[in-house]
Amino acid sequence: MSTKSLIYVSFLPEIILGAFALLIMCVDPFLKKREKVFSTIISIFAIVVAFISNLLFLSRDASLITFNGMIYFDFYSNLLRGLFLLIGFLVSLFAFKYIEREDLFPGEFSSLLLFALIGMDLMAISANLIMTFIGLEILSMSTYILAGFKRKNLKSNESALKYFILGGVSSAILLYGISFLYGFTGTLSYRGIANVLSKGSGFIGSPLLFLGMGMILVGFGFKIALAPFHVWTPDVYEGAPTVVSGFMSVGPKAAGYAALLRIVFQIFPFTLPLWRELFVYSAILTMLIGNLGAIIQKNVKRLLGYSSIAHAGYMLLGIIAADVMGMSGIIFYLFAYLFMNLGAFGVISIFEGKGEKFVTIDDYRGIGFKYPQLTFPLSIFLLSLAGIPLTAGFVGKFVLFGAALMENHMGLVLIAILASLISVYYYLKVIVYMFMKSPIIEGEEIEVRYSGVALFSVLVCAFFVLYLGLFPSYLLNLSKEAVVFLGI
Amino acid sequence: MEILIYIFAILSVLFAINMLIQKKMINVALSLLGCMVSIAVLFIYLYATFVGMLQLIVYAGSVMVLFLIIITLLDPFGKIKYTFTSRLWTFFVSIIGLIFGLLLYVIYGSEKKVEAINSSHFSIKALSDRLFTIYLLPFEVISILILVGIIGSIYFGKKNLTDGDEDENNA
Amino acid sequence: MKTLLIFIPILPLIGFLLNGIFGRSFPKKLVHRIAITTTGISFLLAVITFFKFLSLDVESLVFNYFTWIKAGDFVANFGFLLDPLSMVMVLVVTGVGFLIHVYSIGYMWNDIGYNRFFAYLNLFMFSMLILVLANNYLLLFVGWEGVGLCSYLLIGFYFHKKSASDAGKKAFIVNRIGDFGFVVGLMLIFFTFRTIDFEKVFSEIVNRGYGVEAGWGVLTVIGVLLFIGATGKSAQIPLYVWLPDAMEGPTPVSALIHAATMVTAGVYMITRSNAIYSRAPHALFIVGLIGSITALFAATIGIFQRDIKRVLAYSTVSQLGYMFTALGVLAFSAGIFHLMTHAFFKALLFLGSGSVILALHHEQDMQNMGGLKKYLPITCWTMWAATLAISGIPIFAGFFSKDEILWRSYSTPVKGHMIFYILGTVAALITALYMFRLMFLTFHGKTRLPEDKLSHVHESPKSMTGVLVVLAILSTIGGFVGMPGWTKIPNIFENFLEPVFKFMPHKGIVHAVEGHSAGNELLVTLVSILVAGIGALIAYIIYLKKEVTPEKEENLGLIYKLIFNKYYVDEIYNFLVVQPIKWFSTNVLWKIVDVSIIDGIVNGYAYLTEGLSVGVSKIQNGFIRSYVGWIALGGIGILYYILINFIK
Amino acid sequence: MKITPDFFIYLSMVLFSIGLIGVLVRRNLIVIFMFIELMLNAVNLSFIAYSYKLGQVDGQIYVFFVMVLAAVEVAVGLGLIMLIYRNKKSLDVDEINIMKN
């Protein structure tokens, strides 16, 4: 392959996504109300095509930097891109019926989703901080709009506003950090910064560098909801349209981790001890706050919001371990989390009914055996989130905790185990309500309407949760191959 | 010349502080405008002529106009509430102090050396050379951000709030 | 054989899936046919495997089905370990499980959650079989969590009862504490040995030359941590509180899960880890001490309970204590032996009590029973077999296993073995006392049931009594596989289990008994028989001769009334011994220690976490500006942390 | 005598801190957005000052991107504010507080 074509190949999935997003924007205004579904179909098609192109042009053994040093073309990019596309695919499937039920606009939704995917991709593949930042902003901006997608709904408005203001502040802090880093090294390309840092021996004590690093940590900590930058999570998840909450809980988090891994290991491998110490404290806080906060929640979406904070904390253990096992554990966990959390949000989006009426745990009383095709998968998702064996969540947690343990973080692992044991309580509570409580007024269980597409995607998620729980080796191997490119 | 820059620097801070204490939205907006213009002057002094101009056009021109439109649309002269209690004040002043002290320390400790400045490094030609070679991809990609912004502002700003009714050309 | 073995757990899983997903639309007959066929075939397969295993004449077989997790240098296989220990466990689980499935047809017939019940029961079988067949700690943990999960589901089965869901919650919280210990122990094993395969861990211990640890070495810590897990699952002090409450579940569940199988998981796990425990005397001492104290403590609480199932529940806790006592004196095979016989007679006792409860239309208070022998003859006589077995009356199964434990704790020279022996013997007396009390109050004497109710009492259906009879036969003859040493008949059971203990450092201790004379052993046996006889006699005098009913027990005036009676000796005895014990049992042990202190601690944990939860959610006050403040403060905190620690 | 770049960085710090404090203390939504703009402006100043100090033009290009971001943020943000004002008839950020705990 010539260099020139390589440049485009490395960026092909994003080009495809962008082109189809534009196509949707052009086509959508001319569609009649009941033909609007067509936009969603286009977006699903776009994601599938992008996925195929990603598969066709894999870079399994070479790490190239293309586009004048802006983009990494390596297996890590490929794998993470695959993850993001999978997220987009499942979200679109869930959104299919949801948008129709809530009377929203499929055209805007699909194109924003595609743009958000582009932003996520950029975060994972970029080789330059400014590029990463642009990716982050594209993702954030699309998510702000998606969070406020139900325009008449006050909760949705509030959710978007909270996310927007806090996101604006945190990205200003992130940018300020980037500017310090620029001032210190004179470049923003990952490799360039790493070179400068590896040359200068006196950099370790340099305040400017650490200031920049700290501020970058704030920015990414906000995106992946690490304590103490997690405060927005429960409110925003509760208010946003359910499908969007599902997307927010997996998408930006995965992208944030993808970028953070690159940043930590490709820019700052020399300052790992510092990162590690900060991460240890943050991980402890994150896991405890997430799990403790979830215990008394009544709203299922809010509960999952808190739980997503906790999961961000578990994944941090992989970075703290900073070895192949920990890194591949993070990527594995991102996949596992994608299926279990998105699946859970998917089922919630089905159960809540028009106008998101049924979202408290009490509404789940006694529906267990009435809709086994939905409650069984939901139970699987929740058990997996709780880390019960034979599910993907268990394997992921085990690998992450094991990796941290191997690197002698005994106390941290103890806290992590304790936190995840606490978490079983509130996940199981939902299951208990479904299977073991009768509705407050007899016969008042919620009536559920769902489409075949939604059921299909729920079952797909459930299948993968179990599959990854039983046969995780293949994905773990892939993740290992991918993280090798981070130069651990 | 340098005196002028110092004056503008002080002006920008004064405008910023004024933003904190003004009671009317319109006054806050005007202070922001003043602050931005002062900063633009500083940009030009630092050989960032192009960016300084952009600052004037993009910020002072369009962004501020947007703000002003919104303010006039909503409640232009109504007074807005503060939550300045003495406790809050101490809290924020201490935050200011903390940030400031830290940054002061950091910058003070950093290298003082300034590269030999050659103003030709900062020419518009040099800038566009880099922008359209190395930074071509970000330059292209940021258009997506603008696109997202357009979709967002139209979507939120659309008058018709009855979501999903028969209004067909409302993308 | 490899494929044969995998089907043993898979079949119940299939049953669960069928009944769980489609059960609502199935007719009742189909539901139980599915459940029973799957478990029945699984039992048959277990028997076939057993004979094949015997014919192969090997110590153990490992079947790896596939590589489960492989990350870094960590490998966990999905594999089964077939050795005498897991063989015994599989037979007990599938056998007793099958019988209880059959029994449940009759017992649960009129229950609305029929399919749900069988689905859970099958899921439980699956998890338990995974637990006992696993060839590594991680897979064992899979089963461990699985049985716990089914247990909560089944305790809270009658969910419209508040007490039932509370009990489920309590079981859950308590087991979390235990699991914490277990998981940390597991992590520590992984950390120390870089593997979690049983055989690899144990041979690593041997290869690295770990000797018997004098102080608190790594093996001791692992041992203690795993034991914390075991106390949770096997209901030992202080984590036993959930078990008596677990009686809120349907009776067959109490029989299967809370008596015969799941609660023995801890015993199994420690026996499996014998290579670790035999090198960790401190851990072993803790196991034995907790076990023997639990045996006595729970038995004492059991004396004056009025609810028939609660008596049996405390009795289970007490008998589990015996098993741990056995482990504590390195008599692993005796522990497993008692586990097996206990599975027979305790399942029988629970199922028998279930039969009584069903006959009396869900009456569990023994105050309202008595004289039921006439109406429930099969139930009565089968339960007598179990009672004699649990009390340790010769020729019944429990006699051999309990006697073995007492003899070992008398003779094995490990730390504290005499304490264990004395506690165990006293507990044996009390065991006989409360069991005979239960029988007398339920089946003998004058009936305290009103006439109109009495006319409705009739024996349970054939499917239930049949199971009772089978279990009664097992409880009677089940002990002959492990004859005591003085009879000079080889102990088949112990010889069979021998290969399991090949990683122990000192083969000698297991056979330390041989150092003692057969006469000593006979003496210990006689003492335990005598003790059981005394217990039975006391029960006979008080409850049959004097016709003391639970209500009278409650009545303080009882003492004065009895003083005017003619049996002075009895009265003085009653006054000096029975009443203080009763007072101690109900007021101190049950009301203060059990209900207040231990329950209080458990509830305290719950309150603490909820309190913390409220605290955490206070941060989330909904104000955007305060959120910005948190982010700013967090950022400043990070920057200052860096400044202080990293900038020279 | 040229002014040293460090002076501008101090200045940017001051502006950034004022921006952050503005977000914290002001209750009007539009004003809060203005303060976010102020923070971004401070970042720009810092970029330019460093670009001057390093003798590189790259810093100015970054500023260019930041400006686009700022403009987009204002556009979307003001749209959102309009929406909220229409739904809620209020611009007070402390009244936007349905979801908590």
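Order of writing sets the labels: A, B, C and D. Residues in every chain begin at 1.
Here is the rule we go by: a residue touches a chain if its C-beta (ideal position, glycine included) is under 8 Å from a C-beta of that chain, and two chains touch if they have at least 3 such contacts.
Since the structure is predicted, the reported quantities are computational estimates derived from the model, not experimental observations.
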*Please state whether A-B or B-D has more C-beta contact pairs across its interface.*
B-D
*Determine the centre-to-centre distance between subunit A and subunit B, using the mean Cα coordinates as centres, and give it in whole Å.*
30
*Averaged over CA atoms, how far is the centre of subunit B from the centre of subunit D? Could you give it in whole Å?*
5
*State, to the nearest whole Å, the distance from the C-alpha centre of subunit B to the C-alpha centre of subunit C.*
69
*Approximate Å spacing (C-alpha centroids) for the pair subunit C, subunit D*: 64
_Touching two or more other chains - residues of subunit D_ = 9, 16, 19-20, 23-25, 27, 33, 49, 53-54, 56, 58, 65, 69, 72-73, 76, 80-81, 83, 93-94, 96-100
_Multi-chain contacts only, two chains or more: what residues does subunit A have there?_
130, 134, 137, 141, 144-145, 148, 151-152, 161-162, 165, 169, 183, 206-207, 211, 234-235
*Spell out, as numbers or ranges, the residues of subunit C touching 2 or more other chains.*
617, 620, 622, 624, 628, 632-633, 639, 643, 647
*Sort the chain contact graph into one of these: line, ring, star, complete or other.*
complete
_Of all residues in subunit C, those that touch subunit B in their complex_ = 632-633, 636, 639-640, 643, 647
*subunit D to subunit B touching residues, read off their complex*: 1-11, 13-22, 24-28, 30-31, 33-35, 37-38, 41, 44-45, 48-49, 51-58, 60-61, 63-65, 67-76, 78-83, 85-86, 91-92, 94
*asked:* Which residues of subunit C touch subunit D once you look at their complex with the stated criterion?
replied: 617-618, 620-625, 628-629, 632
*Touching subunit A in the complex: which residues of subunit B?*
102-103, 105-107, 109-110, 133-138, 141-142, 144-145, 147-149, 151-152, 155-156, 158, 161-164, 166, 168-171
*Okay, in this complex, where on subunit A does subunit C touch?*
161-162, 165-166, 169-170, 173, 204-207, 210-211, 213-215, 217-218, 221-222, 227-229, 231-232, 234-235, 274, 277-278, 281, 288-289, 292-297, 323-325, 328-329, 332, 369, 372-373, 376, 383, 388-390, 395, 398-399, 401-403, 405-406, 410, 413-414, 417-418, 421-422, 424-425, 428, 432, 435-438, 470-473, 476-477, 480
